[in-house]
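Have a look at the structure that comes next, please.
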């Protein structure tokens, strides 16, 4: 596939940046600073990489006016280089499909009562259940399963092998990576003398617009009311969202985190990877939880929170851990010493 | 879909509860206390929610005689309100299929040597391998893959995109949520000078009756003998069960926990979410492991076990962690102080 | 299925072992020491199991000359019993397919521009995209999805429901268990006043020869350059590999570990289960990380590393954790005591 080529000035115009140097330079792709070629555009967003600027082979670099001081090459000057890079990246996205007409593959099976919009792309092996409503511009990858009564908003894309159970509602402009499962039964069982009695999970899942969901992430349906993911939330791979969780607008959660049932996370939070958040908690807006944190109480103030013990050489770790178990004893010894010393005074 | 409606007395009769108030009240669904309407039935199981009882709009509430004191509304009186709620929930479960006749979708492919029972529902894209035996009343969701020689017991339901490798045996009345994979190869490799030599995984998986398995959970086949999940076990989403693990009757494991190879977990255990249990361990019956615990030794006595450090504001956490690394040094200082003080006596 | 039977001498010849006892003994399968029968071959690799040797019912045992001292039964003598067991295990692997001719199932859909090799096995519901190249002897299980421009090397096997996005390159002799997803979009978003702006993920994934990948593991495509898994790497189930990670030759990673973006792991490393490795780190060759470790800094020396606190009875754990939060205070008290004592001298 031949790569799209643009003049530097054209790119500047698309993102409201100023050209530094030659506006006619031809750019046919993006690159890192260290992996550049004369026809690639790179970017400098992290000051740690400034050291690579003078030696880059990239034909042009997106950077701030300040960072550009002393840089001789061509570039795009903007106050937010990383955002400009994000915006331009889509010019070279070969995964995007040109949806000019409705395509429904021969092996897809669509219930008669389902409503299918214009310019959709429905690939081989897709299964769409009764009363589903698929809006314009939706992409359903191969072997996607859409349950009864599901609604999918405009321009939302599902990669292959996504499963939506019945009564799941997706907003517009969402992207669900492969293996995502939405609307599976929550883990609800009542103990009884005969074992665990399953509780029918009668709620659904509501996912608002512009939500991004990573590969193999699972979101359970609510027990009685809906599990809710608000607008602009971004979820990485292999995240577990239990029944009746609510995640507020624009919150970002990194891979392999787990959120237990009925917990509510506020807006504009960031949750580091492999964190665990217990059930029935409230996390307010603006909380930042670092990776692998164990959250076992509500967080009522914005701020940065952590737990866990960082990596050590195994021999030192063994000592720390042994001492940790003696902490109560150590505490007692300090008290005894304090008392003794007081007595000697 | 019109919701089923019942008189309160009808519901009481189904679960052996006593009616409080109006036995003719019509109930057309379940609700929480705070999300109730005049035609919904709610329940009060957790004393923390008692405060919502006086203000609920729910037409009736399931509660104990004790909790009902001072409550004016209609209700169902029972010693175990949560169990009654669980039992009644299935009346409004729209996911349940009425399996009146055998349905095998046009795009399903069933090996000639497979035996298929009565009143099964086999959806589009299902693949059933040679010599598989599918009992009466089994539901196989879209794109389920059933390997050679698999047996599935009566009334067991597999949601879309479940994969059963060859020689997997499922009992009766099990439910497997989407994305579950059973019988994948265990992680067995012998180190050799040329790298890792794979060990063929020759065992299978045996899953007994009434087992519930959550979305994207994986259970590996045994190396030589079977991996075994006993009757009544409930597994949440994204759990990893390695080869030759054995999980005892009615044990419950919450999401994202991982159990390494050849470990045996007893009956009636509860494992909190995102816990890790190392390989070749024995956990006795009646052990309760709290969430995110790292189990690196056998647990030979019933009881509650934990590990990890709970969440703190990041600045405080940094101090705790720094001091944790100095613990051995602190221990030494205390000893020195004790010695000195002894000398001064 | 009748099991293959071999004379002990035949087996010895295959792996260059010496027969102890009766070379004519017939062996029709492998077993553990405790689960043996007169026609099974067992092995003794872990000295902890030596105690079972004298009482085993297995007809023969693979062991070292040293371990065989005092053992009366038949056996195969070799310096590396575990490797011999691994090599012989494949004789009884009923999962292996005899690929004598090309098989493409009726319901598979293969793009016209795709190139398909000889002796492939392509099962029902498989979807192969444009310009894909599938080499000789490749097995694609049911409902596997192969994206545009993917290449799959000779004798590589994909179990059912694997998804390969576009521009993913797999080497020869790899095995991917079910539910594996390769080439999903990395978690790349630029913050903007309107929320998170997605960054098109323009790199691919390169997986070299003899790589093994466990069920439901996810490997994201690179942002600009490729995510790379080098030759001989073995990955267990439910591992998350973020964009632009590089994993060096013969490194082994156990289940449920997560590696954040742009981190590089060296060759011959071992990562224990449920570990987390933060982004933009360098782990050198020969590092061993124990299970559930939180790696938040680069590891520049080979060796064994750990973190976390092991399991304790809950009551003791509560005390340890409370004291951990007082550590800074305890440290202050020790200092005060030291000072006081100095003053009294």
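Should a chain be cited, it is by its letter among A, B and C, assigned in written order, with residues numbered from 1 in that chain.
Everything below uses one rule, namely that a contact is a pair of C-beta atoms (placed from the backbone, for glycine too) under 8 Å apart; a residue touches a chain by one contact, two chains touch by 3 or more.
Keep in mind that this is a model prediction, so the values were computed, not measured.
**Student:** Same residues or different residues where chain A meets chain B? The copies count as same if more than half of the interface numbers are shared.
**Tutor:** Counting shared over all numbers used gives less than one half: different.
**Student:** If I superpose chain A onto chain C using their CA atoms, what angle of rotation comes out, to the nearest 5 degrees?
**Tutor:** Rounded to the nearest 5 degrees, it is 120.
**Student:** Counting in whole Å, what is the centre-to-centre distance of chain A and chain B, each centre being its mean C-alpha position?
**Tutor:** Distance between chain centres, rounded to whole Å: 25 Å.
**Student:** So which stretches of chain A touch two or more other chains?
**Tutor:** Residues 107, 125, 143, 161, 179, 216, 238, 256, 274, 308-310, 312, 324, 327, 330, 334, 337, 341, 344.
**Student:** Going by the contact rule set out above, which residues of chain B touch chain A in the complex?
**Tutor:** 29-32, 35, 80, 82-83, 85-87, 89-90, 92-96, 105-107, 123-125, 141-143, 159-161, 175, 177-179, 210, 212, 214-216, 231-232, 234, 236-238, 249-250, 252, 254-256, 273-274, 291-292, 308-315, 317-318, 321, 324-325, 327-328, 330-331, 334, 337-338, 341, 344-345
**Student:** Which residues of chain A touch chain B in the complex?
**Tutor:** Going through chain A, the ones touching chain B are 107, 109, 125, 127, 143, 145, 161, 163, 165-167, 179, 181, 184-185, 187-192, 195-200, 202, 216, 218, 220, 224-225, 238, 240, 242, 256, 258, 260, 274, 276, 278, 289-290, 293-297, 299, 303-310, 312, 316, 319-320, 323-324, 326-327, 330, 333-334, 337, 340-341, 344.
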